[in-house]
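Handing you this structure, nothing more for now.
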């Protein structure tokens, strides 16, 4: 009788997941930490010529480099989105907005990681207009102009997807939105390290995504109180 | 007792799901325009006769002839459309699609299909919508309101000119609208194919119509899938009409706006600041 | 992917059925008969002698006048050269054949508008400067075939080889592999709103002819109501003979378009390309169309062979959007002309171009193009009359004709066709002549299967069976011996069977 009630409740929970349920707080939370590195030869990053936009060019004493591959010491790989792709019991979108800036004619951060339904605020901090054009395929693709001084553009996405972002006026500007279902995500810095915190014990699938080098997954088991690790080695190709 | 509960719950949920599915199937295979109802099954016959050569049997724009034509045919599976009356990021209405089919797209290989009966065109619209699940998932957007046009006075045109400068239209379209702005040569569409901005000096019809309200809708909804963004967040309706009036003066056509502007210009040309990069750059 | 296999399977099914129908029809057509011996009618008319073109009476008179014997050739005496689907347009615009053709070469509403607009889509991409430099506006159509022609009551020597043995009537059957001529179709734009057309035809043994050669100025005054065409071209007939879906000797032309009464030397065919000038107007979607033409009185034969007359033609049509049924169109046409009856001569031979003493003739009628879903009906009615002096009689011969053509489009690649046509004289040129001399009944059944339909080339498998019954005269196709039966009351029956590969690239 009791197990039947539990299975009935589980069914209800599954059926109403789309409406959104309160995430269960992790009991005895664990952490998955790791390090993302690469093997092989990555493409060379090139300096960006902003001569066509003098108001941005003068913000950089030396030209900034393209950001599709950001590396660090010891073959560390930055801008890798690491997240729980399976096994995560929590759901629901946080209300804290993720901020995306267009500053000096570049996107800051290069990859904005957010959740399904989480608000995104896009700011234009430059003296020039930008058009913000996220090239979504699963979500809706839209394209809006944002002149200097305009209020932030607010957007949300309701399906998980990795979305390339570009500005058509400034063709060197490239960024990404990583729209995930899970609140357990991290973005590696130049040192390639990440930590996924607040995980209750259980088996998880961890996925690492890089905009050029693809996706890798690992199964990780978190035991109560004990830290778990997952390292990823991406295969770099020069082009 | 719990078994009955489980059963009732599952049955209710199943009923809900099937209800949703039936409704979705209904909207997916039918379309409405005026007093006509278009059926996707009939549209499939028409599509096979008229459209497969370019748009391909899978509706993905990879027809037999697509490799030789530029601009490329529309990929219906992506459900991204240029000519809409609905905001950017939303799907067009049945009427928008019907007009696109009827009008064709000037300077492309998409002909005006007016010789087809209205029923045939409505059937085609119904069939086109079967190529993407987005039609079922979200349906068309809500058309924007186009308020009545303001008079085309020299003040309106002058303000439109200021907006052309401020909104930086010239960066792509060029200071005189010749499609030669600083960013024009690097423009790519959403499939990373090169695409030129509209050249007002060509005088050709716009891809999405030829009237002033059509022009209004172009920059207030954006041309999805192309570099042309929506300015709906940045322009008030009165501003938008001013911009429309100014854009008309860039075309070598005998429009009322051009007449007003060219009458005003000889005595006031000295006041005009050049369009382009701000001074000092 | 698209349901190609379904088409092929259904195509094979229909091919088998058609073969059965053809076989059955063939057996039914085996009806030999012998008629009483009476002298063949002669058709002497000066004008007819001079034309020397594909006109039935002219050709015969020409041969007879030279004391020759008509060759026993079943090559169709009438112009069988056709317009075609033009893959060059498909290559230029990237549209499939079926976009412009119900089944090439017949045009649908969209193709009609394209043609009316001067072979332009109207998207500012029509001018030759937009076209890939390696593109040539050139397409070729030809039709290798197997065919059989059988004609009853043909006058032949009683003893083969012995002209003195007398004349008997026998059924003549000829069959075998054959080739059609080739049409070289060059049509396109020279510049925005300037169209050209040049269609030479090549026929083994007959050399090269010019089927069409014209220039057209489209959208004058930026209006679709003003288009001007000069040269040699097909008239704006709503039921276009050049774009017929039928190709057999007896089935490929409309009897109504070429009929003249027995003994009448008027050289005119409504389906023949004419030389002159035409003003064409159409609405933006070509639902309303009209044309006015002034044409030379030579039935399209160059070289000033006839007189100094001019013919006039008017056509009108209106299409209606009938919703689910499809597009319906009705039209009317009128053609009036004059032909000379007297020539200057030298050494007894008429001098071309000097014809005078002109007499008139006319053809008027109504025509329709109706769709019920995939079923197309094409009815035509005609009333014709020639002057008594052209007919060598004492009163003006008049006649009425009607035809109904049916097309059923199983798919854009498989079509069934059928035509029924009758011509009835209402007044003979000579009161003594029997009422039904020259009357014609004609029936054609056929199918066309397009196994592939790419924009680069077209291929159609064609099967056709056609019957004509002509009272007292040789069939219009010129099949058989090409001579009239011995008795004017004889019903001459002619059957054509055709299995062909029609290709177009």
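Letters A, B and C mark the chains as written, and numbering starts fresh at 1 in each.
One rule holds for everything that comes next: a residue touches a chain if its C-beta (ideal position, glycine included) is under 8 Å from a C-beta of that chain, and two chains touch if they have at least 3 such contacts.
Please read these numbers as outputs of a predicted model, since none were measured by experiment.
Arrangement of the chains shown, judged by which pairs touch: a linear chain-to-chain path with two open ends. The central chain here, found by comparing per-chain C-alpha centres with the mean of all protein C-alpha atoms, is B. For this pair, subunit A with subunit C, the centres built from the Cα atoms lie 71 Å apart.
Chain centres here are Cα averages; for subunit A and subunit B they lie 31 Å apart. With each centre defined as the average position of its C-alpha atoms, the distance from subunit B to subunit C rounds to 47 Å. Those residues of subunit A in touch with two or more other chains do not exist in this structure. Of all residues in subunit C, those touching subunit B in their complex are 1-2, 90, 93-96, 98-99, 108-110, 112-114, 121-125, 132, 284-287, 321-324, 326-327, 411-412, 454-455. Residues 36, 48-50, 52-54, 57-58, 63-66, 68-69, 104-120, 204 of subunit B are the ones that touch subunit C when the two sit in their complex. The part of subunit A that touches subunit B in the complex is made up of residues 1, 4-5, 7-8, 11-12, 15, 52, 54-55, 128-129, 131-133, 135, 137, 140-147, 150, 153, 168-171. Every residue of subunit B that touches subunit A in the complex is listed here, in rising order: 2-3, 5-6, 9-10, 13, 78, 80, 87-90, 134, 138, 166-168, 171-172, 182-183, 186-188, 190, 222, 224-234, 277, 281.
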